[in-house]
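One chain, chain A, appears in both complexes that follow, with chain B as partner in the first and chain C in the second.
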Partner chain A sequence: MKTLIFKRLVQLVGVIWGVGTLTFVLMRSLPGDMAYRIAASRYGQDNVDSQAAALVREELQLDQGALSAYKDWLLDLLQFRLGDSLVSGEPVIETVQHMLGHSLLLSFAGLALSIAIAVPIGLLSASKGKMVDSALMGFSSLIRAMPVFVIGVLLLLLFALHWNWFPVAGFGTPAHLVLPALTLGLSLAAVSNRVVRDSAKRVFGSSFYLFSRVKGLSKWTTFKRHGIRNIAVPVVAFLGIQLVSMIEGIVMIESLFSWPGIGHGLAHAIFARDIPVIQGAALVMGILFVFLNTLVDLLCHWIDPRGVAES
Partner chain B sequence: MSLDRSSRGGGIMKMTLSQKIGLVILLILLVFAFGGTWVSPYSLSQQDLNAILQPPSTRHWLGTDQFGRSMLTRMSEAVMLSFSLGLICVITSAIIGVTLGVWAAWGETVDSIMGVLVNILLALPGLVIVLMLAAIAPGSFLVLYLAISLVQWVEYFRVVRAITKNVIHSPARQSTKMMGFGVWYQFKRHIWPSIAPSIFTLAAFGGANAILTMASLGFVYVGIQPPLAELGLMTVELFPYYSEAPWVLAQPLLAIALMVFGFHLLAGKRT
Partner chain C sequence: MKVLLKLTDISVYAGDTCLLEPISLTLKQNVPLTILGQTGSGKSLLAQAIMGLLPNGLTSTGTIELFGKEMTLKERQSLWGSKLVMLPQEPWNALDPLMKGVEQVKEVYQYVQNKTPQESLRLSMDDLRNVGLSGSEYKRPDQLSGGMAQRLAISAATAGGANFILADEPTKGLDVSRRDDVVRLLQSRSAAGGLLTITHDVAIARQLGGDLMVMKAGCLVEQGVAEQILRNPQADYTQALIEAEPKTWIDAEPVSKESHDEILIVNQLSLKRGGRILFEGLSFTIRKGEVVGVVGDSGCGKSSLGDALLNLLPFTNGTISRLNHEAKPHQWLKLYQDPPSAFSASVSLGQLLNDLVRLHRIDVQRIQPLMRRLKLPKGILERNCLEVSGGELQRFAILRSLLLDPVFLFADEPTSRLDPITAKEVTELLVELANETGCAVLLVSHDPDLIRKTCDQVISL
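This part shows the complex of A and B:
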């Protein structure tokens, strides 16, 4: 347990250092004079002159040596002084906080949907005959082959543009959440329903399950007492593996549906070369990722305190 | 990773039916990519503004896009680009991952250094690392390739290291060592046969993931840049014309799905 948390702490430090170094390299490797570029994105292409560039250079201390700049950069990062956006001029912290809320909403809605889809389907294919099983598994393989943005585009074309049931993009009302969350939920469920099925099959076929039926417990009581918890262990552990696809999915889905979350912000910042925002968004994503991983670890430990074998 | 017969690499005959179907899908796409560039008289960026968004015809077998460019040329170039990226990423990351994995399983110090490195790399989702690296040089195929390989070798490393650790402690490997055989022979005789099936499975998934990552980056506009043809980029470019020309938009979507599906089938059972 302690080693587990320690390992995650090391990862957290790794994330902060990794993101800081990457964005620093990024800052240094931008082509052209940095001061001019930043001035251009701030004041518009037509308003850039050497005076504006000098002002920016002074403000951001762009003319110091690489090593000392790197040191300052990391020190700033450690104090969570993320600076202001190069494009909008707003503090990165505020921007990122705003985005984080939207991303969390989307990811929890997507996760809840994926569980609501995957668990019944997985149980169904484990308990019904071979026909149902192969039909459901074949269908989920097809969905699994589709990248998350292809699923999103198809849902968008069908439900938003063809039938006009839901808005195409944007945020604010619950209706805006439906399609992005459904996209995320479907793409996650297509993988996790197989885990539910395999786990359920193993439990249903086990001798302790059979024994509980033989001693006279009803189907439902057996499932409640001996099924749920045993089936849940691998499923929850798999959630940890799926976190990667969830965060990657969020980047794509938010860009597709213009959902103002971290992924959308990151993609836009990369396109605009807005390095403080890139750093802030990547940092929050990394921290969120490590945090959720720790949460899954703890959850696994709670369901099965015997300790799952180290993967 | 299991060592069941179905996922053992080497020899088409040993493959399961679904693996063979996957292979056939990929071969058809490959033939399409080579044949398309060979057959089509149009170049990648040759525009014909009098014939935009045409349906498939004898002049343009797959129709034309919003600038009247031949979709046959663009699709085959895009599929080719995806395949090339997938191939070199798989080769690079497999070589790095296997070498370091075996090395780490054999040596203590290397193992602990690699452990820290791998932990840091795993602390960020792969796509985020690739996105940030891609920002350094937008539209660069080289950077995409390096970034994707950097993310993917970890997978090989972990699996190979875990299996090799077991093999090294096996009595068979130890008696080979005591008989005086060299390191290379031990690797060839004992380690390679036990890691090969897993590497094959990982490589198939890795190919799919590399293609997917490039398409994802193209889709959010920070990958390969216009006027080059790339499946994800083509999807966004053609999206506004979905009602006038749904068949044109369907092509890149179908191609990505088929490629990923083919690789997934080829990989066999995931364990």
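This part shows the complex of A and C:
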């Protein structure tokens, strides 16, 4: 346990340095004059001229050499100073916090919904007959086969435009969260309900499950005592992977519902060459990935402690 | 004497195929009943039919009377735990892999006997202490040995108060001393109740006493008092089963192999595993065509020794010198204890054989005679490893090894999961092959009789 956490700390330092340096190099090597792009983002595409670009260049010291810029950035990073946005002038840390907060809210809401959908459906598939199983399998494949924005648009058309139950886009109230979270939840559940189903099928058919019944425990007690935890082992690991890859992958949903999350914000920052925001966002996401992975590992270890004592 | 169980014409069908011929029996209180027979003789189906545990697709006919009353499937299932219980064949698989041992006993007291959690814990701790598991109460099944797991499973099974026990191969894969423990435990747990044991092990039948039924391929061969039948068997089949016990085998004639070439010299070998020294300063020489037996209690490093000789396991100290330099690495082979785990179930055995032939450019002409020799039916090649019997599969594993002209074969308890008749055949076959082909065989077994009667040299760990 201790070695795991220590390893992850070392990994974290590596991730911070690696992600930061990589975004630095990549952003420097993007084609086009950076000063022009920043000026365009600040004043609008039609109001840019060489003079505005020159002003921006001077203000932000964009003509300084790559090495000295890297050194400045690294020194700032060591002091946890992420700088200000080149476009809005707001501190990066605040911008990222705002975006990340919304992304995490959406991700966890989506994940929670997907669990609420996938677990009952998976258990139903595993315990009922072949007919139910095949029907649910077909339905899952159908949802899975649709690109996530199609699901989003369908939900929008139905619940926002036709019935007017929920707002079309934006954020701020719980009602705004429903449709994006449902879209996310549905697309995640389409896969995870199969993982639940396979795991449950394996457990329901296992000798220890049967032995528990033979020992005299009722169906329900057997499920509670021996079902849930054993079924959870692969499911939790899979949900962890889903969660980690989802945070960057929800850009589609964020864009569709104008949700001010990190995927959405990062895309905009890249168009605007807002380097401090890109670096800040990439960095925080890197840290988040390591953190979430560690959390999932600890959770998996807590559920299934086998095979750790030896290693 | 009270009759606990009375079966009238119980048979089991899969569709129209009869898997178990109609059988009738009576089990009286305090008189254990043992059903003895080879694997695949439908014995396990009988126990499942009594419990109401037949797999989907199988149906049973006939009537089952329990405790003097004819019972339906539902009624029998309601007796589980409190009146009637069946012990699992493979305790490791029957215990929840993620739950601590004592919890698996405690839950029975708590949910079946409706005792308080504290009371349940106290009772389960007592139970585990009584079966010699003190100190291991909070271990998970994967941290227990096979014998310990079986004792835990028996404690868990009987905690609900059931004293009518069905035990289906309760000692599969256990060594002799563990086997005796389990049998004694079974006897004490079923005292004042009933015990129906299904086994292929004559020694267990003898130990349990009581009544005995001998079965072959789903049919009853002989029935009566255990002691009489075992002393004076009437049916040829019973005779064969008794003779297949290693204890009764004819002693191997010690053939001196001093003149044969040495192929392996082991000098001062030590092996450590998980911080524990398994053995130290072991020295021996293996010659061509020699059958070398390794005996010792479970966990003493028998399998580890074989693996070390095959370079599958690093050793701590000493040297292992292979003197046969012409032999390729794939001519040093291993025969596994559990045949199905040594084969892939996703392709047919024929496919596996073809792959081997192609990889090593083996002469196809050699396969047919060898298959005849090993008594492998031709149709076996179209099936996969789960669709053939354990004995057939182990013989197929031997075929696979022989095609590679092995110089050294490490047979890791090759017969511990086979019934005695098949086990005897497989063991004899290995000895014959060693003599004929000059391949040295390292035979590991938990049965000292088997080793003593077959091996040229014995290593005791």
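In this text, the second predicted complex is superposed on the first by the 256 of 311 C-alpha atoms of A that agree within 3 Å, B and C clash if a C-alpha of one lies under 4 Å from a C-alpha of the other, contacts with A are read in each partner's own complex, and residues count from 1 in each chain.
Here, a residue touches a chain if its C-beta (ideal position, glycine included) is under 8 Å from a C-beta of that chain, and two chains touch if they have at least 3 such contacts.
These numbers were taken from a predicted model, which means no experiment stands behind them.
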Sharing chain A, do chain B and chain C clash or fit in the superposition? fit
Quick one: classify A:M252 as touching chain B (first), chain C (second), both or neither. first
Is A:Q51 touching anything from chain B or chain C once the two structures are fitted on A? First, second, both or neither. neither
Mind working out whether A:Q79 is in touch with chain B, chain C, both or neither, as first, second, both or neither? neither
Once the shared chain is lined up, is A:N164 touching chain B (first), chain C (second), both, or neither of them? neither
Contacts of A:V19 with chain B and chain C, given as first, second, both or neither: first
Comparing chain B against chain C, which has contacts with more of the residues in chain A? B
After superposition on A, vertex chain A (C-alpha centre) with arms to chain B and chain C, in degrees to the nearest 10, comes to 80
Of the partners chain B and chain C, which touch A:T3 in the superposed model: first, second, both, neither? neither
Look at A:S29 in the shared chain and tell me whether it touches chain B only, chain C only, both, or neither; answer first, second, both or neither. first
Look at the superposition and give the distance in whole angstrom between the closest pair of CA atoms, one from chain B and one from chain C. 5
Residue ranges of chain A touching chain C (in the complex, touch as defined): 206-208, 210-218, 221, 225-226, 229-230, 233, 303-306, 310
So in the complex, which bits of chain A are touching chain B? 7, 10-12, 14-15, 17-19, 22-23, 25-26, 29, 141-142, 144-147, 149-150, 153-154, 157, 161, 243-244, 247-248, 251-252, 255-256, 266-267, 270-271, 273, 278, 282, 285-286, 289-290
Show which residues of chain B lie in contact with chain A when the two form their complex. 116, 119-120, 122-129, 131-138, 212, 215-216, 219-222, 232, 235, 239, 242-243, 253, 256-258, 260-261, 264
Across the complex, what residues on chain C touch chain A? 51, 53, 80-82, 85-86, 88, 90, 93-99, 107-108, 111-112, 140, 142, 153, 156-157, 159-160, 162, 274
